[in-house]
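The letters A, B, C and D name the chains in turn, as written, and every chain counts its residues from 1.
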Amino acid sequence: MTGSSIGSNFKVTTWGESHGPAIGAVVQGCPPNLKLTEKDIQTEVDRRKPAKSSKISTTRREKDKVRILSGVFEGKTTGTPISIMVENKDVRSKDYKKIKNLYRPGHADLTYDLKYGIRDYRGGGRSSGRETLARVMAGAIAKKILKEKTKTEIFGYTTQVGDIQAQKFNKSYIEKNELRCADKEKYKEMMELVEKTHSEGDSLGSIIEITIKNPPKGLGEPVFNKLDAELAKAMMSIGAVKGIEIGSGFHSAEMKGSENNDQMHAKNGKIQALSNNCGGILGGISTGEDIVLRLAIKPVPSINKKLKTVTNKGKNATIQTLGRHDCCLAPRIIPVAESMAAIVLADMFL
Amino acid sequence: MTGSSIGSNFKVTTWGESHGPAIGAVVQGCPPNLKLTEKDIQTEVDRRKPAKSSKISTTRREKDKVRILSGVFEGKTTGTPISIMVENKDVRSKDYKKIKNLYRPGHADLTYDLKYGIRDYRGGGRSSGRETLARVMAGAIAKKILKEKTKTEIFGYTTQVGDIQAQKFNKSYIEKNELRCADKEKYKEMMELVEKTHSEGDSLGSIIEITIKNPPKGLGEPVFNKLDAELAKAMMSIGAVKGIEIGSGFHSAEMKGSENNDQMHAKNGKIQALSNNCGGILGGISTGEDIVLRLAIKPVPSINKKLKTVTNKGKNATIQTLGRHDCCLAPRIIPVAESMAAIVLADMFL
Amino acid sequence: MTGSSIGSNFKVTTWGESHGPAIGAVVQGCPPNLKLTEKDIQTEVDRRKPAKSSKISTTRREKDKVRILSGVFEGKTTGTPISIMVENKDVRSKDYKKIKNLYRPGHADLTYDLKYGIRDYRGGGRSSGRETLARVMAGAIAKKILKEKTKTEIFGYTTQVGDIQAQKFNKSYIEKNELRCADKEKYKEMMELVEKTHSEGDSLGSIIEITIKNPPKGLGEPVFNKLDAELAKAMMSIGAVKGIEIGSGFHSAEMKGSENNDQMHAKNGKIQALSNNCGGILGGISTGEDIVLRLAIKPVPSINKKLKTVTNKGKNATIQTLGRHDCCLAPRIIPVAESMAAIVLADMFL
Amino acid sequence: MTGSSIGSNFKVTTWGESHGPAIGAVVQGCPPNLKLTEKDIQTEVDRRKPAKSSKISTTRREKDKVRILSGVFEGKTTGTPISIMVENKDVRSKDYKKIKNLYRPGHADLTYDLKYGIRDYRGGGRSSGRETLARVMAGAIAKKILKEKTKTEIFGYTTQVGDIQAQKFNKSYIEKNELRCADKEKYKEMMELVEKTHSEGDSLGSIIEITIKNPPKGLGEPVFNKLDAELAKAMMSIGAVKGIEIGSGFHSAEMKGSENNDQMHAKNGKIQALSNNCGGILGGISTGEDIVLRLAIKPVPSINKKLKTVTNKGKNATIQTLGRHDCCLAPRIIPVAESMAAIVLADMFL
């Protein structure tokens, strides 16, 4: 296993470090004759950019201009690998020199050193959240395939920030607010909490939900490559995700079989589930109902607070991160999680 | 993807249906010169057997006698594939004839038909929980490798049944009770609930926790094959699992960065974490601290209650499952989940 | 890499040692609803058995009775893994005790010890030609898929034994003679040579040719998984094969572009090649013309001649193999090579 | 399978079309802390460039300037994916417009259309020999790993052009002549033949030999991933290769077991083979002796002769290729074949 590839039939390989020359992905298995432009990908990449308000988000400002280097000819995919790249421009590596020998708590500094005996300490190198940019580029292609071939739509939204939970669901509101929350009133409360926490130099955890509308039926491979297993892997591979549940998830622990079983009903020969506790997947295979996932997102580890840590020589030290960072990852992780869902579904579908 | 294999360096392929002639696994990549007997595997297989009390468990009674067919010579592994098999003996396929055209709610009947257009309806065929027997056989080998090469120990226990949560942790009590609960008092409450629910013909959800003590440091492959991602996949591939969290998991949504970050301390040059909210994994790579996972287990779908369903011709019907079934899966899933953890770790380690 | 699996969509895993309890294969990815019986597989397995005449072949006489253990329900495949097995019965392990510390020239004894530090010395263990039995079982399924879905036929024949080359091609004669030679006259010469060499305790090399009639068009994946690349791998993975060529093969070294290029002609819009120097594959993708391969088979290394060798302690010694062995492998490798071709094509087709 | 990746532990993915913006590779699994510069890669890339003499080679003149975009930090590899790229500069796509609807004999035009229904007709697109540039870049890294970790050296040379065979072997002469022939006298004959054939607008086939000196012992995975099987696949995946043999190869068909078996001898406990008919591989595993391969290279299909062909609408036509082409591929394929050998060995070694 070498780690930077996912998928079999729709196979994505990503590369690049936070402060290296560029970040990119190679996508294999995209069907030929699909219309594809740099703009299709740019649109999704732009959704991943930090919020404009510096009150809640990093001030690193990358243009993230997408280039397609192969696999597309005269505006159509040819079936050969699609190489996509953005260059890193707004790089301030100096900021990191002073922490090059410190292990930042909550980051992968310690473990990369354990594993590799060397690390690119600039902005987390390969372990940086910036790596997810490559996932979004690949995900944009996967989304396009799903939309054109199966009319599948994937969208995410923030359901909890700190201890504030969304209660209403207004889909059209999601992309209109900086937290991608579907509940206008709760959004305001969440935003106040984010601004307050950010000003205190701290950060917040959150929960996001991903809905996959109109998924193809019959996707998923028993036994080990169940659709929910592959989705769990894909989601858990996003750095800040610490939990995933599907359908009634952890709540199903408190349910009885008679409540949790989704009874079925046929109307004009068409089978419909009377509830969706299974989250659209039974026995690892999609039923055709909505697939619903929830992800637990840990608070951003880079905070402006003094914390105990150690040096790479095993000496005690303290650290306080003054760099450019987000306070709550939910809104920026949403396009990444959508992309991972799209990559898994496209892979299973093709 | 063809679904019945997991792992790259330690690669497990399972086969077999609930009511077919046999269930088996082929294990590739086991290191040579490891002492291995059928008894090593039998011990774990026996832990997966149903509880003796018919008050809470299926009355299907299989001997599950393990045979090693290859890969072991004069009591030692040779490095070649290990084929392991148990024959199915206590098969009552007739019980299933009457439901062959019905889709059981909460089961994979519908989705297998969607995907394959054919299914072995006897006891769920390939989608049966009995398939996990093969995982336990392979897991027994993985456990042995980990124990011998890295002194890693993996054990699970039930932390919640219905709405009753364990509160104490007495490790030595786990294997002494039928629910594998580490809290003696709560065990009694749980057991009462199980018996009551079973007598009502219903079933219960639960939560189990898996602890991996003394894992090798530096395991896991960024970006997509993170250790937590592979564990999430492996766990979610177990039929009844609907959620997985690691470390502080969903609770981290309500934490601040200053709380959730695991600060570090060095003592005699040895680095120790002051907390373990990350659950032993940072950036997808093991820190060497305990790895802690929690799994949400849905209630057994086969219940003795009349439920609405449909036939494979799309007609409305009702169903009531009178077969031999468990009420709460937690204690039997524990050896399966331990096995999956062992398989993932052995694969990453080798 | 763990070595005993081949294929992605049609995935074959084999297991078993020459003198262990059994030999088997697990086949993943076989489409559902294919009629499949043990007899379908038995027929191919029987073609691999040694010649009846002890003048040219081993006298080990296994019944090789095929059992299907999973994946088939009521005479049809279900899409789940097919586990197939034969038990080893005519095992004379004692014959091998005296050579357990000697490295037989031309065998894998030395290299298995180098790699694993242990080996099952009985009959070559895993490196025995008996392992190919599992390939033939899996190949029988692949052949059936190809025959039913694409009317593809695969057959092999011996074109050279020692220095005697076949000159005529009579397809119907192939399965009527013990060498699977398509030239009746040359068969007689070959047979005389085989008997003479066998009586001298020596063995013979040979060349076989595999023809794939009516292959699906458009099979093969540029760049690394070209159809010819996958066929080359599959064929070279057969123990005794030391060379493979496709189409004009090594002869193309002496050709000019103007001779070697297969010119094309259209008739009623249907494209036909005017020659087939490319062997049915261009750019790694099948053209639809016959695919033609030739394989160089080395002489059987087990011979009744005294040879210089060494012990596993690095001492000089001599060895003379008195066991039960073939003289010329060509006729028995043919069904194996056909099987490997079928496995590759089925994998690419599915 | 998606075709543009090879390897498991050392995994290479290539991308790019002959006349697209760039050609590149992503290399996963390179060990950390290996010194690596763009110059290391440039040196090998330069060896693949066409001969200076336009009498025998294409006049396309690319600078092929190598850029490393990730995976290297302060001159050392970090263990993360290495992305390498060269831009295409000397592109004359217009030359190809007139043949966009014609299928060039001996090329993949027909088969790409069969498979994908679309193709980038400019210079063969993805099927162009220019794709091998990416292999050479990745191979340079593999060579460096092998050299530093195992002192393994890989080199190739031309043994036959048309019907002229080399007879002597002077290693130091190989890189001093435009055909990479190790026999000075035969080189002159070969060169005359090449110039004559090129002036006639025709092309020549050839044979090259690859020697791997001092390979690690014990490499290769029985059963399907034998070292020779993986080498055969890797070599046959090079466009123009139509045959591969190892050790005595096709010649072994005419040998007896008593001749072909490599007898062994021990000296001071060290085991040596008395011959190397097996080509350094027994049972698919390296013995430690030299690994010796021979490849049949077909004549370049692009020739300045009028040939019969068809259009993509199935009409008869003629074609005469006037572009910039090589006459004999042997010298340029040598670094490619060396690279493929290095990639396979590095993959097996890591």
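As a working rule, a contact is a pair of C-beta atoms (placed from the backbone, for glycine too) under 8 Å apart; a residue touches a chain by one contact, two chains touch by 3 or more.
None of the values given here were measured: they were computed from a predicted structure.
Chains that count as touching both chain B and chain C, per the definition above, are A, D.
Of all chains, A has its CA centroid at the greatest distance from the CA centroid of chain C. Compared on C-beta pairs in contact, A-C and A-D come out with A-D as the pair having more. Chain A and chain C have Cα centroids lying 47 Å from one another.
Separating the CA-averaged centres of chain A and chain B is a span of 27 Å. For this pair, chain A with chain D, the centres built from the Cα atoms lie 39 Å apart. Multi-chain contact residues of chain C, defined as those touching 2 or more other chains: 1-5, 8-9, 14, 80, 115, 126, 222.
Contact residues on chain B toward chain C in their complex (touch as defined above): 1-5, 8-11, 13-17, 20-24, 26, 28-29, 32-33, 67, 69-71, 73, 76-83, 85, 115-120, 125-126.
Those residues of chain D whose C-beta lies close enough to touch chain B in the complex are 8, 80, 222. Per the touch definition, chain C reaches chain D in the complex via residues 1-6, 8-9, 14, 103, 105-108, 110-112, 114-115, 126-127, 131, 160, 162-163, 197, 202-207, 217-218, 220-226, 228-237, 239, 242-266, 269-271, 274, 277-279, 281-288, 296-303, 305, 307-311, 313-316, 347-348.
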